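Both of the next two complexes hold chain A, though its partner changes from chain B to chain C.
Right, the complex of A and B next:
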């Protein structure tokens, strides 16, 4: 019997492994959502004629805004990188009592949104506002991003390298400069990038402190004159600035080859046990914790307990409910958009790769820009303009990178041989996903979604621009009260926000969680 | 009851050619073993049969059903096969019963499903383990659950990819014996990948020897052991001695073990004789040694149940390694006499390369 003598292919045999058309269309829809803000922004900017675009770009005010923004980014990123790596090295290399507690306290300031921090700053009534205040406030609140990245990098350095350096005659400081620091380089660059993007997109702190960066100017231009075309031009300039920052980080990154002498787990570096080192360490750490965590929290608590009027319980619970409702809608949309992108990206499909890169780019979009873009979109579709749904979509697109990153990592961790066995056990691709992949990836999918939910709860500028009239969240309530110096009225909202925001901070500061958030950070 | 037939199979992974012109037939109900060094394409062949790797040419047939021809394939979930990968591959989020019942269609009622699951667990000797999770099982138990899962749908063909490699040595013989016995009892056509030659010789009905992406020889264990087609192939089933020799005429051989006799005349050709170490009889007494080869023991490797003697023979550059059993009665430096008692395996030359 000649097996090859078959005239036409028998039924059931397929020529190519097809990716399901359902999955591809789902990913294309996700891609459409991701592209939406940029497309609308460009469209809106081009509505004005070229001459008016030129005027906006080249007027003196724009140059001033540009200078302010860039100097703020450079100063804050530099200071936060220095402070963050010092804190990380201290925590990792010096033997301290209750290190885990101190580590948590050093990371916790991430949970205080910059506008809450600024609220605390201003409500003291004695501290100045302006550029320098913005530098201090933003540095203190962004330092933990660098600390987290640097600590992860330090943990990966094998202690045997330090031992060898010692035997080669280097002292502690030389070892730090020649062995440790070069290996932290990429992590510090990634941390500095996160800080830069944070500062570029920050709206709350700079607005309250009266510093005219791009975000504040865009919001003012939009609100003051309803001149959406000029606002869109400014927003595009801000997007371009973010793009430049990202490409700087990518080009500064060096490919480091990780070499291990054996397959064994990396041994952690032995902490230094000396009194002098401990005193220096404790004074550095406690100064930071005092300034970035204890001081603002004391102010907040003082304002909360010393307020003259009782809490507006109805308003507070309404705002809390609205916050949770709209954030949950956003998280759900993000989950639906993220799943097909993560699935396709894993299969090395072109659409998946493009969508994933797009998501990372949009991740750098400031909330103000997102708000502006969706306002433009909404004005074309009055049905959805100023609805909770559109605000949910804004959250989903803004924070999509967070869920794509964690979902993709957890999907990638499902062993391939299990899906293969399921195939040999007669399960179609869809059923394998439902019965094997999803149950095994569930914890990661859930925490990715939770991360979006909690980020959305803290979001301010897009919420201000897109919320339905009369719809107040915790963030907007606290914002509007602070803006008119009603600090006591703002206190309950601020406190509740900080409590809510502390939850994801605990999630990401757990060492076993950090690995899963890293790929996202690395690929920006 | 399904014959597995593979014809002219070619597989590329990326640019690399992994399998080429591979032919193999596994008769219905028999237990076949793929044996070969790592990197020869054993696992790729198994995965291609399972439908997990797409071939570039050739055809695969399960009985009368064509499952793969050139690059057209039937997807794995429509092939009705059982697959036992290394480590067993149990689903960690499911219980033993859920693992075993994983492939049972929803068409079955729960009662029917449960009875099949229990039947399978009884078959592999794990009755009552239904609600355990995979991490609560020992390595041997995991392998047995994986087998129960693979057999639950009564597959046409079962494929095993070194399923016992994660078990420790003592357990391995036991579990592999049980699994093979079970597959033979259920008359399931099976193909197992291994690099353990003893495993293969003990269990197989059919051994297929692989080299560089091809099946170079296939047959019963006795056949491939006794009649290897080359020295290299002989090595994959056991130790082999390559004895320089001269062939005179058509039936007479002269070598260190075959002294010249009166009949040794005619056209001669040089080459090698392939001799298994246990095919040389070692005699220590001086009586009745006429016509035998004298050798001196230069080293003894003692293994307990047997020993390997390294023997120096006048006129032979390399030492000869010979396996002797029984209580050891030899000493280094003493003289012994050798007799070749096995079949003659003549090769004109030893191919260079490996």
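Right, the complex of A and C next:
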């Protein structure tokens, strides 16, 4: 999965065909949805009483919050990128038994919601409160975003380059630095961006650990003073910060021109099978899996078996059903919103570019802001307010960033000559898209959509505000128990949530088979 | 068969590629159809039932709501959430709020909604039912239960109990105290202090506390756990947390409650409360529910099972605690506890926020 990584070259072979108005209007609709929370925030911020906004914004604490947030983002993104690329390289280049299983286990930590992850780590009692703990917890739980991106990039590297480097006398490490790493760069930057946005919007970990980031401060402003304008101003500062992060990522992208044709020779790199390499690999992988998966899961299991009351099976299964249902609706809406954005972004259209950036900006917003934005707009329409549909829209807007990049990349890699051939055969554009482009891009489109599904299952603050009254998901059930300190009674819900979320996670972690079956296309 | 199709046949995309993609899309579609059907049939609240936004957890109302429906035949649709978040939601919904009633864990959230004019004036019979202290001055909400600020402490490590909150600024308390400055209950307490002592004195007290390098926590329950774990010796929390933490941990804990001297602001009595939304068209059944929750049986439940104080009968007290009438808490206007702006700027000024 290569997030946002491939810069599509201007289409040289075909004169850029006029973009269909249907596509443009679809993209404008997507853009409208993405703009909703931003419009809300600006509106609220403008309504503010200047004096109280001034007190909240120009306090000494704001600088401290800014510094804390930035350092947390930089450290976590840096560490996760390092760890994620190391894990991906190890998995891809060293001959290990049961690689598919290990691959799944390394990705699985993203199935654990950050509040559960942090709570579990805290109850282990070996983690101090505060900033360093937040760095550790957030790094462990966000690394899979980088690992996924890095694995996809590694699979696309042609081994003949590695062979050439070998014959030129470079050792493994030099090859990694000089051949492999440059080709992973864009993918790593994209992964690091997702991690940064995750850290910016995270509330679960920072609130439990008492780290004052923007998101926590925004939450406290709502909570303490019911002052929605000051909170909106703080949220806009967060948006500006994420804007900086996004432009950093965009400018760091190497302008690699990847022209894809169906004629390509990509030999997969031969895995290394030395004993030393295997031992190092296994210790790295098992340390990560121990810290990011086994440690939190064992606390959860311990809590599960220690719970004082029998499980409420009916409540549990209803909540599970509701969770899957509403997350699936969110994923479907996200897919529909993402496709036009990705298609237009590919054609370097302005709308597409703006929408793509907007999607990323919104991803950094805390769930509570998204919740209130849709409350403000939705409550005008009693027909849709507090229905699963509107909640699905909220999920889609919040997590679109996790799918648009992947979808765009996989669409970009559809061999141009195949669509051209289809066009010369007189197929309509819609038909070409459906019969050629979509099937070829399907694995990437699917991974992106599953990532939205997964994120939606774990979402809490927007869910609390927008779900239909009386509709409980696993996350809300978990919340209603932990809010009154019934941690053990929350355990069955948390455990089931992780188990259900593991399914899309597992599907995402499967190697992109398109690429592994792709190599020998040279006989055309 | 055209060339592209041939190519696709020859080099099929991913194993779980298109067929699976179609299947997934189909199942997502089916799910959403089922969902919209389910949403239409179930979630659209039927016209007769009362919609309650409750900041009070399900656990803390026990079977009271079911009992009410059984007795009166009035159906309830309850939306649980955090009091402050629900207040923000009601403010955001404005005139379009589907809620009939708002139940809050603290007076501040009710005050915030009240000051935007979103609450209906209550019937005198309801207002007069509760202890005068638990009536809002705007007559638009009443307290359901009393929740008292206390000092939670470790009986092993604290031998001389402070008489007033001012004692906590003395050097012997350096590094031993836990507070939760971001928490609504602490902020309500500081607001009350500003109300009774004025801003200058309160700032002095806050600076004294901050100079004693207390440990900061997100929640009251974490303070109690930290006392039990020996990390700190005492903390400023609400009275019921020691019961809750003990219940969650499933064992006795090494933490006790202590009131300050009679009349000290450290004994502030806050309230959980209930209000009817001004936009509600179901005033009569809504009033019935409030009366039900203020009935002797319901109030007894709050005292016995949830360890809170009764808003109706001040001689009742939970557990071994002294009754409300003996606490001699300072007179505070509960409705004014929503006025957190001054409190927050003060907390910001002394560096606690």
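In this section, the second predicted complex is superposed on the first by the 312 of 524 C-alpha atoms of A that agree within 3 Å, B and C clash if a C-alpha of one lies under 4 Å from a C-alpha of the other, contacts with A are read in each partner's own complex, and residues count from 1 in each chain.
The definition used in the following text is that a residue touches a chain if its C-beta (ideal position, glycine included) is under 8 Å from a C-beta of that chain, and two chains touch if they have at least 3 such contacts.
All figures in this text were calculated on a predicted structure; none of them were measured in a lab.
Asks: In the overlay, answer first, second, both or neither for which of chain B and chain C A:488 touches.
Replies: A:488 sits against chain C, while chain B stays out of touch.
Asks: Of the partners chain B and chain C, which touch A:469 in the superposed model: first, second, both, neither?
Replies: In the superposition, A:469 contacts chain C only.
Asks: Should A:418 be classified as contacting the first partner (chain B), the second (chain C), both, or neither?
Replies: both
Asks: Tell me which of chain B and chain C touches more residues of chain A.
Replies: Of chain B and chain C, more residues of chain A lie in contact with C.
Asks: Applying the touch criterion given at the start, work out whether A:165 contacts chain B, chain C, both or neither, answering first, second, both or neither.
Replies: neither
Asks: In the overlay, answer first, second, both or neither for which of chain B and chain C A:83 touches.
Replies: Once the two structures are laid over each other on A, A:83 reaches no partner at all.
Asks: Figure out whether A:23 sits in contact with chain B (first) or chain C (second), or with both, or with neither.
Replies: Neither: A:23 stays clear of chain B and chain C.
Asks: Classify the contacts of A:439 with the two partner chains as first (chain B alone), second (chain C alone), both, or neither.
Replies: A:439: touches chain B and chain C.
Asks: If you lay the two complexes on top of each other, which residues of chain A touch chain B in one and chain C in the other?
Replies: 418, 421-422, 425, 435-436, 439-440
Asks: Touching chain A in the complex: which residues of chain B?
Replies: 5, 7-8, 47, 50-52, 54, 58-59, 61, 66-69, 71-83, 85, 87, 89, 91-93, 102-103, 105, 149-150, 153, 159
Asks: Residues of chain A touching chain B in their complex?
Replies: 2-4, 6, 9-10, 12-15, 17, 415, 417-418, 420-428, 435-436, 439-440
Asks: Any idea which chain C residues touch chain A in the complex?
Replies: Residue positions touching the partner: 2-5, 7-8, 11-18, 20-21, 24-25, 27-29, 31-32, 34-36, 38-39, 42-43, 45, 51, 57-60, 77-82, 84-85, 87-89, 91-94, 96-98, 108-109, 112, 182, 184, 187, 216-218, 221, 244-245, 247-248, 250, 338, 340-341, 344-345, 348, 351, 353.
Asks: Considering only the defined contacts, which chain A positions touch chain C in the complex?
Replies: Where chain A meets chain C, its residues are 52, 55-56, 59-61, 207-208, 210, 220, 222-228, 262, 306, 308, 324-326, 328-329, 331-332, 335, 368, 371-372, 375-376, 379-380, 382, 385-389, 392, 418, 421-422, 425, 435-436, 438-440, 442-443, 445-446, 449, 461, 464-465, 468-471, 476, 480, 483-488, 507, 510, 512-514, 517-518, 521.
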